[in-house]
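If you scroll down you'll find the structure; I have some questions about it.
Read from first to last, the chains carry the letters A, B and C; within each, the first residue is number 1.
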Amino acid sequence: MNAPLKKAHAEPPLLDIQGVSKAFGGVQALADITFALSTGSVTGLIGPNGAGKTTLFNLISGIFAPDNGRIRFDGTSIKKIKPHKLVEKGIARTFQNVELFESMTVLENVLVGQHTRTRCGMWGSILHLPGVMAEERKAREVAMELLDFVGLSDHAATQSGDLPFGWQRLLEIARALAARPKLLLLDEPAAGLNIVETLQLGDLISKIKSKGITVLLVEHDMSLTMEISDWIVVLDQGKKIAEGTPRTVQTDETVIAAYLGTGSKKEKEGEPLKAED
Amino acid sequence: MISHTTRNRIAYAIFLLTIVISGYFLENLYYLQVLTFIGINTLLALALNMLMGYAGQISLGHAAFYGIGAYGTAILTVHCGFSPWLALPAAVAAAMLVAYVVGIPTLKLSGYYLGMGTLGFGMIVNILFREWSSVTGGASGFIGIPTLELGPVSFASGRNYFYLVWGCVLVGFIACQRIIDSRIGRALRAIHDGENAAAAVGVDTQKLKLQIFVLSAAISALAGFLYAHLVYFISPGTFSFIASIRMVTMVVIGGMASIWGALLGASLLTLLPEWLHAFSEFEMVVYGLILMVVMIFLPRGLTRGLLDIYERTVKKSTR
Amino acid sequence: MQEILQYLFSGITNGAIYAVIAIGFSMLYSSTELINFAHGEFVMLGALCMVTFFGAFHLPLISAIVLSVVCIAVCGLVFERLAIRTVRHPEPIVLIIITVGASIFLRGIGMIIWGKDAHTIASFSSHPPLDIAGAKLLSQSVWIIAILLATIVGLQLFYKKTLTGKAMEANAISKRAAWIVGIPSRLMVMLAFGLSTAMGGLAGVIIAPITMSSYDMGTMLGLKGFCAAMLGGLGSLWGALLGGFLLGILESFGVGFVSSGLKDATAFLLLLFILYVKPGGIISTASVKRF
């Protein structure tokens, strides 16, 4: 195994994962995973099916707690912090099978996304206190800006369930951005998208990065991942088998073996990997 | 195009006007009484709709809160000599407290377990009403609940009580509408559509479900208060399992997640027994059939379901 | 001592009935993951059918029992066909409301057919009560326990020895896998419904001689049966037995030593307790879910 390239971190990493393990029943989903995300980077998390990528996502977003190891976000441990609190701290996510609020309009979905950034409570809304109305107006402006950012501003009043699938993905990203995250977790954002939509998604992720938001994505589309990621982490059967820049990872023998099955010959250098499925 | 808010304002203005006019012109005490009952049932349907229609959490024991409101004011005014106007906040607060304490463990449940949990809770409260006879009067009921009076105004007459109840309904409607259109309401609907996704955008689902449960209990208790001072006599049967089911039926008929649906559902379920003479025998059969048929064919409720069908046919014919 | 034994006997008798009802809940749940809120009403119908066949028509005991149970099973199948299979969005909240609706509907039907009065019938046999250490054990109690035991043996034989039983069990474990090997899952669901409601009917049949049977008895019995099923662990036959007896005995002692008003509250307090503390029940069948 090639020694992973060490990046020089000027500042402490935004997300620091140290020796994290998680088992379900007798199945070891993740074993001793260690890596870090530096602020403002785009990191791709890749690996064959069943490698433990989604489990890792669920650990980072607080749905499960790790059995061992620790996860630090922005300098503090996320242990025992509930998912909704983590959103407030700055971790937002999307889901593998888009989970929008389908009975609500596109605009309303983004408004719900701002839940942690707005304050109005039960009494405020009943009494229509002046601050509440101002906050609501502001929230709508922000929501429209975000819809503009992902290119859906013309469809603000559409029921979110009626959007074509590719747009639903964009809306889900806008909703996650509405929480003003420091770290955005994207779970297979390109799944189910066609080639054009995937290209647009790549542009969008680059735009998100240029806003200073750190991105961690799980993705099967190798050309997309390799193109937009600054750093790649490879998992296989619950273990980290490599990390590095896209270039180094693509030529890593362990990685190639994991994707093509052990014993296979090393692929021609530089040729992009294709993930099965 | 008229905006959502303007349309709502117009609707509430028309609603207010209708209340005032019908109260002014109606002379027949029987009709006033029926309309007053519709008002009380509308409050109940509204309360449960906030929980079931918007937040998507079923309760099969909501009559318990209705009962706590009614028995609360009965006990406080008759046994403790409170003024009804003092008993009202006390009874509502009691219902809210019970909802809070019961809600913490219960709302962690979902689906069938939540249904059974709330059902069990409703049964226990009903058993309490029936068995704690030294305080509640037991199975034979509680008599002698005083008339409401406010200075020179007596609420004994049909008309004044009518205005009181429908005034409460109007305030309840506006308050709930405002909640629904706010940040809190959006979060509620988010929980309904997907609890995981709601948590993933930062909604504290447990806290919010509890809040809406407590609010719903408060409105139900208000309805109970109004009921007790309207009829002067209450008994456990009014707050039994069947009463909880009647509330669910009102919500289902009127349409889940629809403020005006509460009015429709409550009206239909109050009027049906009045219209069908020998209805009492068939009351349960009819409720049961309504619940089953509506849920099988129009799971979004009668109003929503019929609107959907209408929209579909209109779309087809314009194509 | 004599008093304790007497409470124990009545607890065991009631417990056996709760167990039969609980088996019905568990059976349906393990096959369909559905909880039938109308289950208790099938108990009521079973008891009232028995009142008619055994009490009014004076049919021989065995034929009255079989006829009642078959009638209820048929009702269950009709219910499944008309109200459950037709549902377009089988989400829990929809199914809860439908089965609750069915429960109210059946109650109303019961009232229309049998009236509002309570009915009683004679015990299955007219032996005098047994005297055990001063406490009396009714002959009907012996019948009830014997029928429960026979039912369990019958079910065990059905599940372990017959192909249909094995297919049902396979279907309960994994619908998909069962479908792949060619088990008709729709038929299995129907069968589960029929068996489950038959259990409810049977509970009604055996309870009829020791209670006042009326149209409104079902809800309470159904809830207690559900409580017993939850107590033992929903989806498990032995759990249903354990839960049934536990509930019956606790309830009986609660009535004896605390207050008779407590009788019905015991079950619900236990139910809430188990829902809050250990929703898997004593014999937990739930495994860790991964998503």
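Here are some notes:
Everything that follows uses one rule, which is that a contact is a pair of C-beta atoms (placed from the backbone, for glycine too) under 8 Å apart; a residue touches a chain by one contact, two chains touch by 3 or more.
Note that this is a predicted model, so its numbers are computed, not measured.
In terms of Cα centroid distance from the overall Cα mean, chain B ranks first. Greatest centre-to-centre distance from chain C is found for A, with centres as Cα means. Just count the C-beta contacts per chain pair and the biggest one is B-C. If you average the Cα atoms of chain B and of chain C, the two centres end up 33 Å apart.
If you average the Cα atoms of chain A and of chain B, the two centres end up 42 Å apart. Our note on geometry: chain A versus chain C, Cα centroid distance of 49 Å, whole angstroms. Across the complex, chain A meets chain B through its residues 61, 63, 82-85, 87-88, 92-93, 95, 99-104, 108, 111-116, 118, 120-122, 124-126, 128, 132, 135-136, 139, 175-176, 178-179. Per the touch definition, chain B reaches chain A in the complex via residues 175, 178-179, 181-187, 189-190, 192-194, 196-205, 211, 215, 257. Put simply, chain C touches chain B in their complex at residues 34-35, 37, 83, 86-89, 92-94, 96-98, 100-109, 111-112, 219, 223, 226-227, 230, 259, 261, 264-265, 267-269, 271-272, 275-276, 279.
Interface of chain B with chain C (complex): residues 52, 56, 58, 60, 105-106, 108-113, 115-117, 119-121, 123-124, 127-128, 130-131, 241-242, 245, 248, 252, 281-292, 295-297, 299.
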